Amino acid sequence: MNDSSSAKVIEWLKSAGGITVTCTILVAIAVSFHKGPYVLVNTLVTGGMWALMAIGVSLLFGVMNISNFAHGEYFMIGSLTAYYIMNPLKQYLLETPNDFLSFITPILGIAGAAIVGAIAGIVTDKTIFAQLRKRNREGWLLNCFLITIGIQIILINVHMLVFGNTFKGVVNYWDVPSVAFGDVYVSVDRVVVFGIAMAAIVLFWYLMMYTSLGKKIRAVAQDENGARMVGIQVNGVYSTTFALACGFAALAGGSLLFMFPSYPTVGVAPLYNSWFIIILVGFGNVAGAVPGGFMIALFQVVTRTYMGEGWENVIPMFLIAMILIFKPYGIFATKVRSVWEQ
Amino acid sequence: MTQLTQDNSTGFSGILGKICLSPMGLAGLAILFLLPLVPPFNQDYMIRWLISGAIVAAAAVAFDFSAGYLGIVNFGYAAFIGLGAYTSAIISNKIGISPFITIFAGALVSAGLGVLTGIVSLRLRGMFAICFTWFIGIALMGLCLKLDWLTRGPLGLQCDGFFEGNSSLPYYYLILAIMIFTYLVLGLMIRSDYGLAFRAIGQNMEAAMTSGVHPTKYRVINFTMSCFFAGLIGGFYGHYYGILTPELLHTQKTVEVLVIAYIGGRSSLWGGIVAAFPFIFAMELLRSSLSDLPGINLIIYGVFLIAIMVYYPGGVAQFFKNLTARKQRSTSSTAQKAKTAEAGV
Amino acid sequence: MKNLNAGYGFLKVLWDVSIQIDRGEFVALVGPNGAGKSTTLKTISGLLPPQSGKITFDGQVINNQDCALNCRNGLSYISEELNLFTGMTVLENLEMGAQLLDDKNKMEENLQFVFELFPRLEERVGQYAGTLSGGERKMLAIARGLMSNPILVLVDEPSLGLAPQVTEEVFNALKVLNKKGVTILLVEQNVTKTLKFSSRAYILEKGEVVLEGPSSELITNDHVKQIYLGT
Amino acid sequence: MVCLKKLFAFGVMLSLSVTIGVAGASAEKVLKIGGMAPLTGPSAKTGQEIKQSAEMAFEEAGNMIGDYKVELVWIDSQSDPAKATNAYAEAVERKGIQVGLLNWHSSVAIAVMDLAAKYKIPHLFGIGGSSVINEKYRSDMDKYNGYWLKSWPVPQKTMTGYVEFLEDAIASGKFKPHSKKVVIFAEDTDWGRDIFAGAKKMFGDAGWEIVAEDFLAQNQTEFYPLLTKWKKLEPALVFGSYGMPVGITSLIKQSREVGLKVPMICDGLGWAGEWYSLAGSASDYTLDMIQKLATDKAKAWAANYEKKYGDKPSPSSGGLAYDSAKLFIKVAKRALEKTGKLDSESLRQVVLDELLTGKITYSEDEGAITVSRFSYNEQSLPDPAVGVDDWYLPIIQYKSGKGRIVYPKAWAEAEFHVIQ
């Protein structure tokens, strides 16, 4: 590491983002010593999942200025798809055991969930938001917000009417014993899901930074007219963005089927959590969503550990509110803020 | 109630105009007053619907006061309503004073939290301010669940009614009075210099600051007023339905008010009132006549919401504005037409 | 390019404006503030749909065509607001400008060309666009507009807010470009300079074309002298 | 102007549809029953089951009671007391229901009780068990008597079986706790609060040390922190009530994942029919206290239900709703027999004179599938009487998705096993 980059690191450590991240890590370690390493393990495992959800919300806001209140419903679509792929396969496997098939069943389900979620995203964009883009841009932020509330209501109730109210879930993905980290036991499903989340995040980061699609998305996010001026078909980029964001939500939904069985209102908790994250780290800050996910997870684990169940909605809320007072644009706030200051 | 300020500030409508009413608005109010006396609206369930409509209407007016003018959507609005409701219910249960007094206590406590929120959220803009209020709402609801020695948590807090007897009619006139009171007070605020300042801050805070408008003062005043009325309406809610559960503070309830306020039309105040009554009636009728397929009424609601936002985001207020504009245009000469066209630019 | 007829029935800004540019020309559109110059460019570029009238480019009607499609056809628009991607580096901005080109070598070639045109950009190649100075941003915007091998470049107010020295640099670059065979439509408030550089000009006032002709003639025109040159 | 006309037309249509609704009554003898359940919102699953089970019961009776045709009017309580009262008033006035049946949320019950009394509509067999309803009922017996009845007693009355069972198991040497430490949890609802208070007293009286008390949120699925905390406390027993299928199954699954191997009493696990498909083999050896669904009739009903609606019914909401509807039919038949007509007044009279005095009961022999016998008396009101021969919940232990009664002894189908 040369001097300039170490200077950069030190500078970053002094910024609000750096301080918070450092504090988070310190708190995590301190609590782990006090209460046992499960705090750390739990934070990592749940944090990865929340990060995946938050990335989608953040992406939609950053690129399209849509504050998506229906994000949890794409999570629901994902879990529903995964269920309808995995369940018949599992039934079939009961009669005709097949090691390979039982190994890849969950993977098929999760991949299917992501694909269906992405398609649902494209459909949403083409049927609703493309219409709105064509018609008027005035009051865009709030119009879109209300529209997503409408989408949420529709999707929840369509699920209820078509697929019923039952809890459609699976017991586990792979019927194997938990793995042990020290004296903490974590199920294999969770470890794999954490792996999926991390892989998805890395892939996404690569996509955004180094592919032409990612560059286009970033270009549109930074300046829509500029993007049109260099010949980018913005409508296509918007649809792709929607597909990506919803695909991520559905991927999270599919991966978490073992924990969140599919039912109409399953998306509410993931939605709230992803919103807490993006507010904490700053709107449209896609990269910040990842540390944000772990931070929120830590907040909640710590609150539960010290205050008891049920407080995890009270104390972290006050904490985020406090942080907002001192960093009004989130802890990783960038200088570009005109986008959401409407 | 339409406060389209035309030049006709003379005579009767001029006097009405001073208190933010138009002949049409007055007629509407008269209808609301007489409606529960006319069949089929004189049945108790119809009056109940009217009360629901009036509660939402009043809440939408107070909500629009900060969302429409200041540009800050109070996403924890239901929590402010709930805070008023719980305060009033707890005081009246513990000390045993009349609910007529305690609802003002509830309103004051809500307003107090409004002051705090206003001050604390001063530095926040746009979505951050919205989410800040949202978090306050979530935290309040969590507290309401956890502090069960005070609120009885999920068991539900029972409270006394305003009136003896079974009829809902006196309650209707009470909430109607609260609604009109809310509208008139907030309408007069908007008419005054304050309204101008609110708009200025809402449109561009920095510009407003440079032109000498002090945002701190105005934002706090706005929040306080809005929350005061939220608390007042909450107090009524509690003493009317007789039971309060933490669910009242849920974000879903904010969304219900927000939708009415937006369908009514942003920054109009009266739009919410015009939208609330038909909306509540339509929703109840849909729910009741499609009871074999529960949930389908909500799907229709969702589709309607999306359609409005895509095709008619101005809402009811825009509709009436277009209506009056058309009337004007058809009576005026072509020269005037050109003039309006130019003025429209 | 054969014809470019731009006619509008704009209610607000433009009243039946007609402009024609031939291939290889350096045409200027001048006029006072609020005359509708920028609106004209925006409409031609496709950012703003015209209310009525017809825009033809290379024989094709491009009235309601999206800006992105126009760009594909060789029409490049450099706006007054620049519309840079501030969160990307200078190089990335330029790459985005060339993202329509299939040929990688061609892109390299263009890159060399714009760096020759604006050597300062080459020094700043890894810097974020948001951190550049005003003049550098303008250069970057123009350079980005040139990366897609345009036939026609629409430039909006390149001198706005720039030091005279930098303005000169930008104008010279445009001239070089024109010499290379690129058609340019320039919108400017700086009338003297513009008329000096361009071959032909239109004068737009209150949304209507009041005068047109070769720049050398217009510079001696009484109306122009009186209003714009202050003599 | 066109728009104004449209608006006017809309208004006319609206009022027309309202008046038509009022004038819908016909000459045929009809009994309109308002069935109330949360058909939308977070508890919609339960509401749906209640609705379908009650419909099954009435269909079996041919939708007729004597010469009266039964018309079920469903009232969506929307899990919200305010909305429920609006819907209820409308059902009474516009749709003309003469009697109310079933309900789930206690908060809704509290609000609707007043309406039932006001409209003089007897509302029978609300399922929500919470004690707040009893408090309100007992605060003004004259007002509510005969207008509100529950079909699930407050949990404090029914759960005494647990302690008896534990003492029995310890005495017989099947259960050898290393200490008398118990962890208590409950869902954070009215029901959970009630059962929590009961459990605390119960275990305290029996000499257990309560080492942790936790209320769990309804939509919670993440229990690793909680379970690890419990594991460190080394309790001999985990006791709780948590009716949210997602929550309780996650809790059980995760308790195995983190290696918490103590006997768990998870009251409410069996409330949702599909619990086994969520919890899987992790649920083995878990204890529950639930309506037994043990008789042949009960099993036939469950099979029928699954055939008809495609999912497994739960004994607690579906089964109880079915029994309640059956009991109601019995009451209604008696009312018809006695007075020759069926309306609110005659039904209430029979309820007061015969149901509440214990003259009308509904027992296993007659077809009750969930409990031994429904009977009401002066002391129990508004609950049904509790006792082994009346409303009693056996303790069952699950193995491979099947629950077997382990207590009371008289009913026992299997021996109690401690998890290894």
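Letters A, B, C and D name the chains as they come in the text, with residue numbers starting at 1 for each one.
Definition applied: a contact is a pair of C-beta atoms (placed from the backbone, for glycine too) under 8 Å apart; a residue touches a chain by one contact, two chains touch by 3 or more.
The chain list, named the UniProt way, goes like this: A, B = Branched-chain amino acid transport system permease protein; C = Branched-chain amino acid transport system ATP-binding protein; D = Branched-chain amino acid transport system substrate-binding protein.
Remember, it's a predicted structure, so these values are computed and weren't measured experimentally.
Number of steps on the shortest path from subunit C to subunit D, with steps defined by chain touch: 2. Relative to subunit A, the most remote chain by averaged C-alpha coordinates is C.
Taking the mean of all protein C-alpha atoms as the reference point, the chain centroid lying nearest to it belongs to A.
If you average the CA atoms of subunit A and of subunit C, the two centres end up 42 Å from each other.
Chain centres here are Cα averages; for subunit A and subunit D they lie 37 Å apart. The distance from the centre of subunit A to the centre of subunit B, each centre being the mean of the chain's C-alpha atoms, comes to 34 Å. Along subunit A, residues 157, 160, 310, 313 each make contact with two or more other chains.
In subunit B, the residues touching two or more other chains are 145, 294-295, 298. Multi-chain contact residues of subunit D (touching two or more other chains) are listed as 40, 44, 47, 188. Against subunit D, the residues of subunit A that register as touching in their complex are 35-36, 38-39, 41-42, 45-46, 157, 160, 164-167, 169-172, 178, 184-187, 190, 259-261, 263-266, 268-269, 301, 304-305, 308-310, 312-313. Of all residues in subunit B, those touching subunit D in their complex are 40, 43-46, 48-49, 52, 145, 148, 153-156, 158, 166, 237, 241-243, 245, 247, 278, 281-282, 284-285, 287-289, 291-292, 294-295, 298, 319, 323, 326-327.
Contacts from subunit A toward subunit C in the complex involve residues 212, 215-216, 218-219, 222-223, 225-234, 334-336. Across the complex, subunit A is touched by residues 40-42, 44-45, 47-48, 185, 188, 214-217, 219-222, 224-226, 228-229, 232, 245-246, 249-250, 253-254, 257-259, 272-274, 277-282, 310-311 of subunit D. Contact residues on subunit C toward subunit A in their complex (touch as defined above): 45-47, 66-69, 71-72, 76-79, 81-88, 92, 95-97, 99-100, 130, 144-145, 147-148.
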